Amino acid sequence: MQAFPSGVIPPLVTPLTVDRDVDVEALERLVNFQIDSGVHGLFALGSSGEVSFLTDVQRDTVVQTVVASADGRVPVLVGAIDTSAARIVEQISRAADRGADYAVTTAPFYAKINQRDILDHFRHVAGHSALPVVAYDIPVAVHSKLAPTTVLTLAEERAIVALKDSSGVQAQFREVVMGNRELGRPLKIFTGTEVVADADLLIGADGIVPGLGNVDPASYGELYNLLAAGQWEEGRILQDRLVHLFRIINADESLTGPAQAIGAFKEAMRLRDIITTSVTAAPSTLLSEPAKKTISTIVTAHFA
Amino acid sequence: MQAFPSGVIPPLVTPLTVDRDVDVEALERLVNFQIDSGVHGLFALGSSGEVSFLTDVQRDTVVQTVVASADGRVPVLVGAIDTSAARIVEQISRAADRGADYAVTTAPFYAKINQRDILDHFRHVAGHSALPVVAYDIPVAVHSKLAPTTVLTLAEERAIVALKDSSGVQAQFREVVMGNRELGRPLKIFTGTEVVADADLLIGADGIVPGLGNVDPASYGELYNLLAAGQWEEGRILQDRLVHLFRIINADESLTGPAQAIGAFKEAMRLRDIITTSVTAAPSTLLSEPAKKTISTIVTAHFA
Amino acid sequence: MQAFPSGVIPPLVTPLTVDRDVDVEALERLVNFQIDSGVHGLFALGSSGEVSFLTDVQRDTVVQTVVASADGRVPVLVGAIDTSAARIVEQISRAADRGADYAVTTAPFYAKINQRDILDHFRHVAGHSALPVVAYDIPVAVHSKLAPTTVLTLAEERAIVALKDSSGVQAQFREVVMGNRELGRPLKIFTGTEVVADADLLIGADGIVPGLGNVDPASYGELYNLLAAGQWEEGRILQDRLVHLFRIINADESLTGPAQAIGAFKEAMRLRDIITTSVTAAPSTLLSEPAKKTISTIVTAHFA
Amino acid sequence: MQAFPSGVIPPLVTPLTVDRDVDVEALERLVNFQIDSGVHGLFALGSSGEVSFLTDVQRDTVVQTVVASADGRVPVLVGAIDTSAARIVEQISRAADRGADYAVTTAPFYAKINQRDILDHFRHVAGHSALPVVAYDIPVAVHSKLAPTTVLTLAEERAIVALKDSSGVQAQFREVVMGNRELGRPLKIFTGTEVVADADLLIGADGIVPGLGNVDPASYGELYNLLAAGQWEEGRILQDRLVHLFRIINADESLTGPAQAIGAFKEAMRLRDIITTSVTAAPSTLLSEPAKKTISTIVTAHFA
């Protein structure tokens, strides 16, 4: 297993064929493109990877492909997304069998749960996990928020090794960063909010998991380096450029869910020849032609 | 396959052993108890069945046990609860292989989705399902609500045969009932709100899926018969008695999720010797001793 | 002061002139129309009355006009809608000075508040109020829900004389009804959910505050009488007819807030010559012409 | 009228006497303390000022006192907090009569409203306002969020001169900042999130409206100067110190609303002799003695 990195860890989209199955060839291409662009790790089967739409067999294919293509060059994180601890442990086991380095997982969803039970949930997962565990805080999907005290208790108990915070609640994010510092930094803390990564790194994040990094990993790498070097204003300007690029996700406002942000990322990647189609998982509606044109205009301007 | 019934269809709890595995013997006892009490169908692996906490192997055990014990006396509905259409189709296939009669399933969760995609989701499930599909509207778990027009479109297309409405939004429930009547009643419509079943049957529900029916199915059967006979005031009085019994779920206010309502149901069932333990799925906290006393007092008074 | 009635108490819209000022003549007409239709009380300055949009001077005009027109024939309830206890007491004082019989008021809004403080809020209002107080539970506007225990504590302390429940949370509504019965019925309990009034009366409501009663008070009176006489199925059929009429509020789906439901009520009333314009308070957008046509079709069919 | 400043504008608490009336003497002391500490403006009658709990007479007293005490040394912003445009215009008029420089106001609350109507609401306010208007985005109180396009449209039309963003939604905050830059900076943009002011200033805010600035305005002034000078890491460290101080608001977790954060601010101010009591507006529960001890410990450590 590789040491947990700092820096940029893109949450890989899952390229699909026109028949909506995993496009193994395109996924291999994507992995190589990302590593060549200098990313510090790869995160397969996250929300950007449309994990909740993939069957177990498809998930296995993704993990196998990413691990094989990465070939030890960077660590591979895999989302173990399921409704409860027992099911998550099974997902982790499948990922571990296929060579993943870290498992990324959330609080239970579907069943309503309080912070005390969320704590026990992660303890249970950690106690039975074949891989070190990264806590994933994504209230928009899970419909509960990991309280800073929950995260810090798990850190103190060494039940988790890292946090991916996609909550967008920056005040609590800061509480976790400060608490982690007081504990001697047992956690690596990553922000999933790709449009304010500069601000989150100023606050003290160790790295970024940018969905938009699928499209332009080089700029996120440059952003991370600028900020690590204390060049905050230059970083802010580059981050602003990436926010402009991020506007591709509003190209088709009639869509929600995977079809909107992820469809836009995939279309931009297709335009750059990183993957082959912009198809998203069934039953999501596909991008309209006018939306594709808007995306093309923004992408062309960004990379000009 | 048996015809879809009207009447009372209890959402069976999943009895667990002290080691938190499926208690097959207790589940058999529960099935027989329910059928002997006159219920019109059985619903395994619903929210009351803690479905989201069970592994696939445990789910298989539940279905197998319920189908074998029911032995064709009443139809068996099985919850196919997973995050997306493709995964749900697999869950349905496992249930069908084990003899289930109907599959009960929800809109996608985890990924955010709009009504247009929810419609396509159910169409996709229906088109690939090994069993007739019942739509399950439970916003507290899924975090989206099935719009009345979505349900009615699916009814018109014969993609679904029934609705279980656990939304508690009675105004929209009525819209579905009225729309279904206008379509010639393609759907059987069930309410999951066990404390206002009288009101929902007045509005036009075909039946009840009462979690509390695990504890007192006979009273729900009597309630259904009273209301079917137009004895609304007598029904209201009996429903009030059941609401008194339902107060067991507030016995331990520090709990949420399975441990609260389902733990209370299980404890009441244990007191009545219907099952053997009141254990709920990990990692939920178990009922405190004072809470158990409160439940015992309420249960004793109810059945006196 | 008149005794608090059971039955139908319409929440009067506030008719406006084309200049968006209070249309006193139309309001007088509306009061007479309602009383002639047999309603048991009048509720001015509720949400249907667009109270939050009216200045204090306009509110005074409304109260004065309604009290004068009612002329003691039925009791007049007045909404005292403001952000805190001290401000509400002032609103009640103005209404009392102009002859109102009862004040209807909510929990604080704008500032976040818990149930303990909501209890003290109503105690403070009751202790300083020039009129008997009706608690108004309308989470869609206030963004908190009155817990059943809060309402029942206030009832027991005689701090409030009635409840108007517009929460649509029927399970909790039933808890209040049952608790009130156990206390010897200190409260009159009204439902504000005009589309399931039959169900709420079955559960035990004392009456209805139907926004749609502005348009068709006679039918709500008939509904109340049918249900009071135990004719539940006939009542259900009439309620269904009123639900059909209620569909006027969906005529213009681009609107929200006052312009949607209240604009539709006003347009239907205008068509029936009960008021003069369908103008709603600034800055709400007015109904489109196609929406008006849809409303006209529904209204014509209903009263044919 | 004074030009709209950049920098630190504390949202003044409203000091109360033990009888819960406005403590004019303490308010004068507070104004002088703030100005002596170098703040760039004063904001009276915001959420920290418990505006929603004060009567109009009390609000007038606050404005009069703050304007007289400020005596032209810094501009005075006044919250015009009410449920609708017409009522807000009246509040602004009262503030203007008493010498306020700017009015700060929100979207309508109580009535549900969409972005189109929010736009017209601000246009209506601006068209009738006696003072230049600052838009106040505070979803926790108003229960709707100002969309970036709404704010930018109002900026382009010169209907508003500034934005106070207390939404905590940093991604959208950035969109406003970037859009404002593209428009040639018609708006001054302030963040109300006192615990990530460093991050918001990096993104491009013109200043801070920190509730905690009531307690320690000098540090916020220093923070602003550090960041304006590009000393981001030093700023981050000072911001972290202020976050430690901010923990006073968690001293009494049983409280919500004014009694929690504002009660804690007031207690800390009382300990520093800036005001005389820590009383919050009725009916909020007051801080417990253990909570006061916790606050005292944190405050003593901070200013040691």
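Should a chain be cited, it is by its letter among A, B, C and D, assigned in written order, with residues numbered from 1 in that chain.
By our rule, a residue touches a chain if its C-beta (ideal position, glycine included) is under 8 Å from a C-beta of that chain, and two chains touch if they have at least 3 such contacts.
Since the model is a prediction, treat every value here as computed from it, not as a measurement.
Participant: Compute the shortest path length in steps from chain A to chain D over the network of touching chains.
Facilitator: Minimum number of steps from chain A to chain D: 1.
Participant: Working from the CA atoms, figure out how many degrees chain A turns to land on chain B, in steps of 5.
Facilitator: Between chain A and chain B, the superposition angle is 180 degrees.
Participant: Would you mind pulling out the distance in Å between where the CA atoms of chain C average out and where those of chain D do?
Facilitator: Computed value for the inter-centroid distance: 35 Å.
Participant: So the centre of each chain is just the mean of its C-alpha atoms; given that, what is the distance between chain B and chain D in Å?
Facilitator: The computed centroid separation for chain B versus chain D comes out at 49 Å.
Participant: Two or more other chains in contact with one residue: find those residues in chain A.
Facilitator: Within chain A, no residue contacts more than one other chain.
Participant: Touching pairs of chains, which are they?
Facilitator: So, checking each combination of chains, I get A-B, A-D, B-C, C-D as the touching pairs.
Participant: Applying the document's contact rule, which stretches of chain B touch chain A when the two form their complex?
Facilitator: 47, 50, 52-56, 58, 81, 83-87, 90, 108-114, 116-117, 120-121, 123-124, 140-143, 255-259, 281-285
Participant: Give every residue of chain C touching chain B within the complex, in rising order.
Facilitator: 168-171, 174-175, 178, 193, 195-196, 198-200, 202-204, 230, 232-233, 236, 240, 243-244
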